[in-house]
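Structure provided below as structure tokens; questions to follow.
Each chain carries a letter (A, B, C, D, E and F) given by its place in the written order, and its residues are counted from 1.
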């Protein structure tokens, strides 16, 4: 098992020889490279998604592709392929690996090759770069049972007029800085505030609290519009669980009954501690019930293959 | 000649076969690649510099390396080499190309290889990645004569508590968005304001104005600490030219006598138009005099080899 | 036809001799003047409305007068007449022109005459000044068919604690600056952001987008409370069209399906381009349907005179 | 004597028949009018200056004209006359009144006539409008002896990216609102804070404090660049009086030794009370000394005619 | 009768000998003291509540205790007693005074004794300090009939990331400064804006307006979560009175039909004047009806003892 | 020895019976109490100072008293005694203890007794409360040798328009919250940022860095105007050590050569670690030299008694 925290998973030797799609070709992992003139490498100029393969289904694929294309449009990157074509490329990559289940796919689209390392898109030549990395990654469910530890970090979310914090771009410095700060404090993830001091998100997952059977999450103005986050919101609405998207603060977090984070990889993970505040993880928690509903939902979307 | 604006240069067929340093090896351009698991490509997680080679001297090399190491420290990236070792690697790369003059070097240091595409530095394995791209690039001096056109863009500089805008990182989305906006408005570069509405910088160069023989530039709190910018500041001090670092605004720019931008590649470029305001480019302009002093300075640092 | 964009209209020679109300008298256009000691001329100290005359009805007159009186109260201007008296004055002005249809009325109320050009209201003497300018103006419906072009401008909406941007005052410098910036960029109107970077309004019209059959507009905290804007909101509610007043951003605009602007003069105008993003104007667009519903609504309020 | 506070002056019956310049003609006061289609009246779209005539000299005329033209340029208003031509027009107006001394001149330049009341400068026809109002106004020196009373007001200065608060435009709503708030609190002027909470200026005069023989005023980023303000700054520098332009706050004001305001009309007026804090006005005060130096300075610029 | 405004009450000589609980003992008023080493006295380090005793019932006791414990948790103060234990202590204090009705209880919990006057909680020794002060205080109902006067003050609410303005702590400097400013302006309470310029609260009561039969109050993000405020919100919901929690501004207040404040002591008090705006207090006002509903509600919670 | 960090000192049994001044009387420690109706205990409504007694001299007494009186004036607290009278009271308290050296004095002035626990100063009766606590406290010099550890905390400094962070008031919740956060992270003090994200101060000491032989500290706009801070500034100026008061950020801190904090109790303490960054403490450090100069300065002010 490698990595602790929200991305804890069991290492799998098959990943050493996984087949990776890079700009039209499939390469074994060791040979999967990109030009040093690529916009992604030189400038963090691109967008990406993480997608789960479950029972031969790419879960919430449409939501992931919509977010990818919206981000590309915001950055004026022409992906150069339709959503269907891109889906097919992912499937081809999975097929090349004979992968059917328990797979986490990283899909990266950069602005492509540059003729010289200069930030201007006019210095780009040719099409966008597309890279598809599928890996065998089974999340460590112990984390979903035992919970993780968070701390509030001093690194804030960015401003919408400098770099919209809702875009899943390759320029991830903001989140990485928050991640490092949390790690130094011994926590698994950092809670990031927006510029007004409201709780927005964790650095690589979305954040929820439970207060008096109400589920609260941020308004979404400063966090990534997480696909699992949206699924939890939908589940609450479908099940008459009060779901409130609002500005709230660390004080509300400390006096909450429960807290949990969501992500494509780890679905719903309860929080056992935030700063000095400890939360009791017990079976009757709403977060466990939400996770159960979530698993039901995705099992329905991706039923077990007989 | 390729590219217009601040990075206009004469294309040079030798660049097609230039030798590039990538993590300990020298490769011809077409083979200079990096793993798709590199932190730079996946997450824009790294720092970079652009350095001029003039008469076999890397101009202001110390200043560039100091900025690189400060940025790496801010991002908690261990470069893994001393400044001297890194300088030697650049020199070796130049030697492999037998380059002596008229060269622009791109030096990139990322956090290195990841075992899986997850933002946490704990997912990194091995050392930082170091890439050195030298190219023959002679700036098009017509630009230095005829000037460029700027527009104020709506994209603002980032906030210091989300991503310090003074760090030269690989997460360049903010500057690229400004660049695209300026380009759409038909301008060469965009003037970016800080969050308070003060003029900070252009998207890939630093910005100065001249008012009543005073030279003004921003306080430096929201712009890259440009090496050429610093050289101009030093030149003013050395030559008793009033040099003022202060908060100023578009209104001050429109009523200025001159404006110019600075960058490692293009040294000092006069501005002929900002938004609707036209500036008269005449020989007696202070910006031309500053450029002359700048060229003298670097020629002294890097004298012509007999 | 004169003027392009949202205020494009057919020139009408009758306007050259239109009768105008100024402080109790009716004057022909050439003689309609105001003292240079008027608070409106010296200081932009007053409020105004633009009102449509359709089939002998002043459309949404109550809403316009309510907004005018609220603004006057905010500025501590005593209009000195009841709403009914003011309505009668407008009607008298229309009667003096024998106007019945196709008329746009500009109603201006300033703080009135000053004994000396000093900003303090104690320097005012006498009553408020009232000016009523009716003109024959038939909007150019081609604009409603073909759409207009917008750009995001760098000029932001003002702050509520300096000058509440919801007041329709005679101090219009903020909107005019935005208008000029948009014009220079070749656009018909500029999209103005509020101080937090959210989309608020256009400089002389209100702004809406359509996303997945939802209609979005700003919360109204930083824009003029447009009368047509309110009519569109009401129409959506009456017709079960999802209508959402929220903070949103340029990214949401670029990924919207449609965009349109509203104003008293031009009712509902579709947007064909915002920055580099083009919108498809087709008959099935929700904005065309909303316009149809709007025209029905005002035709009901002001039925054709047999 | 009319008006209290900073603009207190002795009424002079000659003003009833003063001759006023309006767009190329001289009119007696009662006939000095402007079209209701003027940009100044409809939209507060223009700039202005207040100038003192002393001993047949317009004091600091160059500074006033420079500020006027800078403001016009910011607003993209073409004044259509050179500074010399405009000076001559003022002189002609003074001559038409045979005025030589004790005169306050209001100079107004608007964007001019509009063909229809729409904010877009494209709706303008013809040239800018120029109005020159000279009045006999002798400031009431009792105010300079006895001081005025100030209160902090809740109305803040505007933001530079919505409407640069340093421009002396006809859109004065912000200052008027502050003036009204101060008046309601029984004060002569209101102290306005900038958006960060620092002391910026009074609503129609500039503000200074004296602390331990140092003279403090705001940085100037959020206040009008007053001509008398600049004169005081210059006088301090010329006389080795410590002069500090900095961010400071109400707390610093309450613990100051003296406070005073400056304006073209009333030159330097001491402050006797701010909020609940009373200041002692005694002959040895630095503000009285500064006023003496100021009067010497302008008497030198405009010597008494024998 | 002592004190004017929201806390006007009839003086009662019994208060001179009231029995007060201090850290486990009951003392007569004159002997009720606390060590000068107490965290409350040295540093304002604690929380408090004001509770009404009505017909032998502590009204809304649960709500008060919940707020107290949430505040203590935010400040990391361990109260050291359960809510039930604390309730019993209050009851014991009331019993020691034989109090049954018309009593206002001040409950104070500080971090307790320090071994030396240093801010660090590690310098604390022993438990929290608990003080319970009950007083006979009958509110002066004339105030509820005749209304109070408010002014907007320049003192703003604090920021959530420096000191959450929703915590009822012993560090009350912010509210006291606002109180003093309002008092100097001749008003009973000051209306405080949040940092964005929206109306938040009065300095010692919560603030509401009535507009077109809608009741508006702030979102609650910057004000104390008042217990009476919540009761009014609940009453509106229970009685189908439109109740809107939103950002609004002084302009909305000036154009409101009614305004009122709420507090534990004075329940619901109408406002007769805000700044220069006067409100008509008539029997049919919604605020009088709300007060009636409120009195019914608490009479039901604390029925008269036969 | 008790307490770690900046206030580490050797415990001294004499403190158990120290004599304390409370409102005109001297009491032994155990009897030194204040009414629970005191404004300091109920509301944190007052100001305070910490003063060193060295060789029978109260070091920098004038500076401390000036700060105290400025703060009291800001809060509209009438201390009711002249500075000289207050000095005498301190001296009397010292005399009552026969204290001559190695003493730390806590001087507290609150608004005094209230007739009922209501925030309004009109509810106060009588004079301000004055408390003087002298203790034997010898700072642990090991700390000055070995340095302390800091972390950046998420708690920000307050805003000047809500509670001026430069006032040393009894409402210390902001600093205490920062202190707790730092303590939880295992640090001795927290570095607090201002609302713009610049480094301002530590929670109970002032903060400096050394970069290339320059000494940097914040502008002072958001921190307490520390007496030792000012002494260090003066020492730099007197000794031609470059001293820069400016906005700087965590990035500048991480790349600094040295860091140190200042306080009345512990004079100058070097910092050995901030977040993950370690600083080398060596004899040649500027901070050790500054401490030496500081000790010389105060030994001169308070020479050893023979």
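Heads up, the rule we're going with is that a contact is a pair of C-beta atoms (placed from the backbone, for glycine too) under 8 Å apart; a residue touches a chain by one contact, two chains touch by 3 or more.
Just so it is clear, the model here is predicted, and its values are computed rather than measured.
The chains in contact with subunit B and with subunit D alike are C, F. For this pair, subunit C with subunit E, the centres built from the Cα atoms lie 44 Å apart. In terms of their C-alpha centroids, the spacing between subunit C and subunit D amounts to 32 Å.
Of all residues in subunit F, those touching 2 or more other chains are 76, 154, 156, 159, 161, 167, 193, 197, 250, 276, listed in ascending order. Pairwise chain contacts in this structure: A-B, A-C, A-E, A-F, B-C, B-D, B-F, C-D, C-E, D-E, D-F, E-F. Only residues 70, 73-74, 76, 159-161, 164, 166-167, 219, 221 of subunit D touch subunit B when the two sit together in their complex. In the complex of the two chains, the subunit C residues touching subunit B come out as 152-154, 156, 181, 184-185, 193, 197, 250, 275-276. Subunit F makes touch with subunit E in their complex at residues 2-5, 7, 9, 15, 20, 22, 29, 32-38, 40-45, 48, 50, 75-76, 106, 108, 110, 115-123, 131, 133, 135, 137, 154-159, 161-163, 167, 169-177, 179-180, 183, 195, 203-204. Put simply, subunit F touches subunit B in their complex at residues 193, 196-198, 247, 249-251, 254-255, 276-277.
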